[in-house]
Amino acid sequence: MNVLWILLLPMLGTLVPLLLAKQSRSRNAWGTAAAPALALAILLSTTQSVFSGEVLLQQWQWIPLLGLDLTLRLDGLAYLFSLLILAIGLLIILYARYYLSEQDSMPRFYSFLMLFMTAMLGIVLSGNILQIWLFWELTSISSFLLISFWWHKSEARRGARMALTITGGGGLCLLAAFLLLGNIAGSYQLADILEQGALIQQHSLYPLLLVLFLLGCFTKSAQFPFHFWLPNAMAAPTPVSAYLHSATMVKAGIFLLARFYPALSGTELWFLLVSLTGLTTLLVGAYLALFKHDLKGLLAYSTISHLGLITLLFGLNAPLAAVAGVFHIINHATFKASLFMAAGIIDHESGSRDMRRLNGLWQFMPITATLMMVAAAAMAGVPLLNGFLSKEMFFAETLQQHLLGALSWIIPLLATVAAIFSVAYSLRLIHDVFFNGQPKGLTKTPHEPPRYMRLPVEVLVLLCILVGIAPAMLVGGLLNSAAAAVLAGNLPEYSLAIWHGFNLPLLMSAIALAGGVLMYVKRKQLFDFQSALPGVDTLNIFEQLMKQLTRGAEKLYNWIDNGSLQRYMALLLTAFVILAGLPLIQMDALGGGRAEIPIDAVNATGAAMLLISAFATVVWHRKRVVALLMISVVGLMVSIAFTRFSAPDLALTQLSVEVVTIILLMLALFFLPHKTPKQSEPSKVVRDLGLASLVGIIVGSLSYAIMTRPFTTISDFFIANAKTGGGGTNVVNVILVDFRGFDTLGEIAVLGIAALGIFKLLTRIPVFKPSSDGEGRPWARERHPLLLATVAQSILPLALMVSIYIFFRGHNLPGGGFIAGLITAVAIILLYISQGVDWVKARMNIEYQRVVAVGLLIAFMTGLASWLFGRPYLTSWFDYFQLPLFGEIELASAIAFDLGVYVTVVGATLLILASLGKMTTSYRPTHKEQL
Amino acid sequence: MNHWLEWAVAFFLLLGGSFVLIGSIGLVRMPDFFTRLHGPTKATTLGMGGILLGSIFYFSMSPETLSVHEMLITIFLLITAPVSAHMLIKTALHHRLKAVEHTQGEQELKRGQAFASKEGNRSETPDD
Amino acid sequence: MLAQVIFLVFGMISLALLLNLWRLMRGPSLPDRILALDTMYINSIALIILYGLLMGSPLYFEAALLIAMIGFVSTVAVCKFLLRGDIIE
Amino acid sequence: MRMTPRFSWLPTPYRSLLLFVIWLLLNQSLALLHLFFATVLAIGIPWICYRFRDPQPLIERPGLALRYILRVFADIITANAQVAVLILGPVKKLRPAFVRIPLDLQHNLPLTILAASVSMTPGTVSADIYPSIEHLAPDEPQPQRWLLIHVLDMDNEAELIATIKSRYEAPLKEIFQC
Amino acid sequence: MNHLILVPILLPFLTALLIMLPPIHYSAQRRRWLSMISTALLLVVSVVLLLTIKQQGLTFYALGNWQPPFGIIMVADLVSCIMLCLTAFLALGAISYGSAGEDEKGSFFHPLFQFQLMGINGAFLTGDLFNLFVFFEVLLIASYALLIHAGGKNKTRATVHYVILNLTGSAVFLLALAILYGTLGTLNIADMALKVTQLPDDNLMLVKAGALMLLIVFALKAAILPLQFWLPATYASASAPVAALFAVMTKIGVYALLRVFTTIFGEQAGPLQGLANSWLWPFGLATMLLGAIGVLASQDFRKLVANLVLVSVGSLVVLVAVQNTAAHAAVLYYTVHSTLICGALFLLADLIATQRGKAQDRLVAARRVNQPVLLGTLFVLCAISVAGLPPLSGFIGKVMLLQAAFGANGQYWLWAILLLSSLLVLIGLSRAGSTLFWRVSGMQKAEERVQPLQLFAVLWLLSASLLLMVFAGPLTELSFAAARQLADVLGTIQSILPGSGVLP
Amino acid sequence: METLFALCIGFLTACGVFLMLRGRTFPVVVGLTMLSYAVNLFIFASGRLNLKGAVVLGTSDSYADPLPQALVLTAIVIGFAMTAFLVILAIRARADLGNDHVDGSMPAPRHAKRERTK
């Protein structure tokens, strides 16, 4: 339970500042501090058992199928990091109370900070590697929010995005590494993985895994060449820098190196990748730090350098080096956090961080200056301070390794060079800021900070001194247990004494101190040399890179997707040609051996007419009216084909749909140009012709292949059961209203919806009403020719009669509700054509959308009625009744269903055609009318 | 099978088919739109009547039924053919189609075209 | 004998249809084309009735009836379109 | 001339009769059931459709009407034979013409029947009835209207006009009493 | 027989009709409430159905009491039930959002919305290939009509493309159906799976042609490269609730792929087994990458979200091609996650656009949103989830996807492209977020505020991401169970066609 | 006959596809209509051709396959609904966008495009 609370309390703590938002700033700070303080207390309560080597474990099932169980694991390493996170976190909370101004939203800051703390604790306490990743990414997110806290500053936004991009990318690599790791080890539990070091290192995927893993660690820990995000993250408020960029987040990568040390280290590859990266980073960071004029910039590069140092230590594949690494983690956290906070104080109280302007601050803030001097000295590795101890160990370790064979001496040499730089920039930090003449152009007079703002710095500096003097007493146990965890129990002999006698490491330290002082004294030449080099503005480069990436993406995307439907269609059809054509090519023979029906002259004539008129439609497609007439012939021939090949129902439907379509197209042509301009380039026409021919050839061949193959189908069932089970002799109709009635229900729904959609399309459409036809003739004078009007009125009853006839016979003979509905609708449309909208509206004022709804409802309810009899939806019913005089009659539920179809069709057709017709009248569809 | 009926069927079918064909020949042969209109309007209608009569007789040959519903198609064609012709010739007037050269009553044609298209002056009488 | 007659008439109707198509393609004016199409519709009725005779089946009657109706309505609609542009006004 | 029907439930009796017959034609049956349906529909459909009908003069002389129909039928057959000959004959010898016939009839229904009869019979096609009275205000007097016809082969214009007026227009005036 | 299976289709249908008729028809409030209540009820029904099926196993409903393979059947298995629940959940969010005023910007919003649901649910439930076509058409026609809701030039332009492409797609669907019917002689999916095993060699390639044509159709619906072109403009221009609902539309394509290519051409299909995989794999990867590039390239936020949809589609399709239980389980989990979160993003985009004045959702400096804290928080949460960052559901989805690829051919391609596209998405989202909320020009604030119903809608959809995370254990188990059921083709055939005898 | 039938289907498809590839809405509508004819005939043909088998019970002894006919009926109706929607959409696009190009705007001529990129 204990370990859980260490994580849970800060998590709950994210809410505290939000809840206290209305309270005073101090209360907010104290309230926020309460949760981590309590967590710290719990952590301290476990000291005994952790130091004794116990591993506290807690586990809950979460996603067993992914191998992701919530596991908390507190060992020495986790203890060390938790301690750093919580303790320094508390100091930061206190510090931030004074650092943040009135304009800054304190609840937001504290909430983000607590979120970050939770994430960090999550990483170090996790006992499951997927869970580690979960918290790992959470640190990226929360640090993004913290870096961009002053979002109105452009460099804050950019810095945050840069950090997120780099660490996010690294996080993805880490995920891949973890998945590989889990897969190799057969478990995602940390404990299992740490035991499988040998297995993992022998696996063929180990190199890939390691590279991915290190990419994750190095990006987070700002190792070269990913280091550049860290200086740019300095746009964040200083408490953030002090916390994230010195003590915690940048250490997350280091933490992982330490955490997986037993499983991954010890190989040649590990050494090469880790130690060389660390060494490079150590040098690059130290060198660049010297030339930064920004206080925080200098600290940032120094952090990079120290992180490189720690990385190098872990890369040396030596147990003692690992111990030194752990030790330096502690020391770096203390002195760097205090330095950042002190820098923040200077910034806060003097209004600047530019060391070219900050001079002689000793006279204004002696206490702060003293504190900073001590911390800087610790950073430089001055004896009696904690930094000296770990640096000493570091030097010793660089001397112990023989990894580069005969060239192994390079490592201690370069380490010393880095140390010289380290001393030089530390010296600059002190001298340039606190002495070196008078301040230049500061906006306010610097002064000491409030009492409690300095307190965190004081505490940390005190620790630097105390650890420096009595290391074994103060951090002996901590280091011991942490190092033991890193080394999986194989702790080497080592001593934390201040004095190891005169030895090579001490000499290296001395050289570093002396060299550093000398270098600082001679800094002028170095600075001149550096300023002669071309400056590298990483932020701008990154921004430019991102812009180029975006622009490149845009260009590529627009090149692929140029917004032209013709291209989309061509691609769709090409896909068709390839996918449908390939199997055809693989086929042995197209024909399937089924005997063909002989061709007769009449059918040949029909086919010829069909082909000619289809061809004519294409040829004349730009003369739209002519094309329409030609395609009517095609439609007519198709209907005749249906009749010829024993499908009277199809012919009827095709014919009735045909007429409605022609009316529709005629209506539409009024609002569209009558001619299509010639626009396609010849090459495009050729391409289209080719594509169309290929599609045609494939479809025709497929059809031929099917028709000439023998066949067995479920249709025999329909023929056998139409009369006995469906009560009708027209099998097609019985299929429609009974066997597959659900299709029909969907089909009339489509029709109804289309009608609604069309009404919607016509609502409030801007009318464009041509005053003359395509040739420029004004329209004819007579709106409603007399003969047509009279005849249309006489045809109506006839058509109604025919449609009733067609309706009722449908079940047993060709016909049915759909065709009947279209006949009725056409008869009414004929009235619209011959008499106009006003005339019809005066005699019949129906909202057709309601007719559609009623029709659908009838069909729907017919289906539902079968539930009353405990039957599935749409179960049909029919029976024969013997009536006196009339004889036998059949009643069937199919009739009711067909009635629904009929009403829907009438409603939908009229809604479509009449709405379109009404566009030029005072009854135009508007939205209000419908409301 | 009733022999007489069979003859009747053959007769009417042949008669109808001939007239239908003649109507279409007219459509192709005649020199201008107005003369072309006559064939399809009249000959074809009659031809259809013949074929439909043939069909009526044919289906009446089978013993149990008297098939007369083809009458309905005939009625329909008789009602609609003049209207179609009327609409077509109105369109032709509106489009000012030329009549073949030796057509008599040129002014009547002109006047008809004028009335088809003229806007306004609705009560004007077609007097010279 | 009847079968031969029916085939003969089939031939006549087919020829008539082709003639219609010729006029439809040839034009020259739109009314000419519409007239040709209207005639084609009517001739198709004959064709379908003949199919009915050939099959000895009355199932084709409705298709013929329907063509009579749609031929008329589409002809009227196209003419109205050419006359007034707006077919429902 | 009478424009309003005798029975409101049976506004158009001849049309009802026609529908009654058509229903029986369609179903090809004289069974009691169909007779019953035919009656219902013959009454019901005209009743529904009556609102979609402009008032027209009613047939006052049904006998005459029947005779007129038979005459037109006979004319169709003879006229068609003539037209067939003309179509197959030499095209050059045709004497096409446009002719204008003054109209005595005024109402839409008789005019329509006249125009239709003319279209179906002797080598003539009705082209137009003008002027149109569509835009006429209700109080304006009706102008003299004309029937424009196209003749395929015209012999004598006056004779043709006289034939049409006497053979078709006069009986229609009689039938509708207008 | 359990009528419950049919309710997800019938309920929205009836609701749509009732909304069009008096007395509901008359008042906007009544229309809204009926629509919302009905959708909530739909969710309840879907969940109950899911629980029932989980207990009883696969169940089917024979419409008209005509037994398969002759009649049309609706099949409820875990996969379809999960999709039903997803749709209802999403729809409730979308309809709530729409009821805050968007619905009155054009006619028939609620009926069309319900019709759309009917079509979608029908497509999920049907066990008949032609009936699937019909429901596709129902949902398509409703989507056409919804797409133009509230009007505007962009909508019209996008709709023209969308409609024409889909009409072509429908034609291909019909051709494919005809080929399959003409060779297999049946339309029932389970029966087709059975008939495929008895196919004469002569017909093999014909069936393959039909199947690959179906692949085109579903790829078009799912928006797989090179058939994805309709998607960005369509989704970016649609009215917010419509776009949110559309988030599930591409998933219908993925679902159909899963259904057809694991059942009909599943393990029993012999030489035709898994015939789509070699196509789906590369094109899925390409789609994913293109979507990620699109996220970077997008000049406005809605287009960015539309491209996020593409990314998710690409990931799903690749996994469909992997064709193992873990992959299909991942597909299911990830589908639910990505659909809901994309829906939430579309709604959120609308809220942001409304508050940014003229700039709308374009990624340029503009006036500050009125409620930066609220919208910003929502944005961050949505972004975290959709980018696959922890702790929201996206991260679980991503882990599932990556894990499922273990052992697949070309696993590293998938990993590389998936991770790369994740990075690109992260970059794109951080750019979008910082532009939308932080690049402020002028101090003028808009007056628009988020309405309660709108807020509810976004929170509702976002809460899904949280629930998917918290209950990830049982939900992944459910996904695996569903995937196992899906893969058990022989079992499916046995339960639908019990008389079909023992298969080879 | 099957050959002829397949030829017609293929030719109609090709014509329809060609028209659907045009740049204006109206030819696309016409092309779509043509393609629908082809597709309907194709579905119909999947039940194999039969000259003498209208599926009305009691009128024949070898019936055509009724199922494709029913499918075609559904396809015709749905096709009609879709065509209608597309037609009206074309009108709407013309009204909203001022032209009847499928992309809602005239594509710039090629040489003009090249100049712009220069």
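The first chain written gets the first letter, and so on, giving A, B, C, D, E and F; residue counts start at 1 in each chain.
The working rule: contacts are C-beta pairs under 8 Å (C-beta built on N, C-alpha and C of every residue); 3 or more make two chains touch, one makes a residue touch a chain.
For reference, the UniProt names are A = Putative monovalent cation/H+ antiporter subunit A; B = Monovalent cation/H+ antiporter subunit G; C = Monovalent cation/H+ antiporter subunit F; D = Putative monovalent cation/H+ antiporter subunit E; E = Putative monovalent cation/H+ antiporter subunit D; F = Putative monovalent cation/H+ antiporter subunit C.
Keep in mind that this is a model prediction, so the values were computed, not measured.
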Where each step is a move between two chains that touch, what is the least number of such steps from subunit D to subunit E? 2
Relative to subunit B, which chain has the most distant C-alpha mean position? A
Need the central chain here, defined by C-alpha centroid distance to the all-chain C-alpha centroid. E
So, comparing C-alpha centroids, which chain is the farthest one from subunit C? A
Compute the distance, rounded to whole Å, between the mean C-alpha positions of subunit E and subunit F. 27
Between subunit D and subunit F, centroid-to-centroid distance (C-alpha), Å: 42
From the mean C-alpha coordinate of subunit B to that of subunit F, what's the distance rounded to whole Å? 33
Would you mind pulling out the distance in Å between where the CA atoms of subunit B average out and where those of subunit D do? 15
Sites on subunit B at which at least two other chains make contact: 18, 23, 25, 37, 45, 67, 69, 72, 76, 79-83, 86-87, 89-90, 94-95, 115-116
Which residues belonging to subunit F are in contact with no fewer than two other chains? 20, 25, 42, 45-47, 52, 54, 56, 67, 74, 78, 81-82, 85, 89-90, 92, 96, 102-103
The positions of subunit A in contact with two or more other chains are 563, 565, 569, 573, 628, 644, 648, 669, 699, 702, 706-707, 711, 713-715, 718, 739-740, 743, 747, 750, 753-754, 757, 761, 780-783, 787-788, 791, 794, 798, 802, 813-814, 916
Touching pairs here come out as A-B, A-C, A-D, A-E, A-F, B-C, B-D, C-F, E-F
Footprint of subunit C on subunit F - complex, ascending: 52, 54, 56, 59
Per the touch rule, the subunit C residues reaching subunit B in their complex are 1-2, 5-6, 8-9, 12-13, 15-17, 19-20, 22-23, 29-32, 34-36, 38-39, 42-43, 45-46, 49-50, 52-53, 58, 61, 64-65, 68-69, 71-72, 75-76, 79-80, 82-83
Touching subunit A in the complex, subunit B uses residues 72, 76, 79-80, 82-83, 86-87, 90, 94-95, 115-119
Partner subunit C, residues of subunit A touching it in the complex: 601-602, 605-606, 608-609, 612-613, 616, 625-626, 628-630, 632-633, 636, 639-640, 643-644, 648, 651-652, 655-656, 658-659, 662-663, 666-667, 669-670, 769-770, 773, 779-780, 782-783, 788, 799, 802, 806, 813-815, 819, 823, 826, 829-830, 832-834, 836-837, 913-914, 916-918, 920-921
For the complex, give me every residue of subunit F touching subunit E. 20, 25, 28, 32, 35-36, 39, 42-43, 45-47, 67-68, 71, 74-75, 78, 81-82, 85-86, 89-90, 92-93, 96-97, 102-104
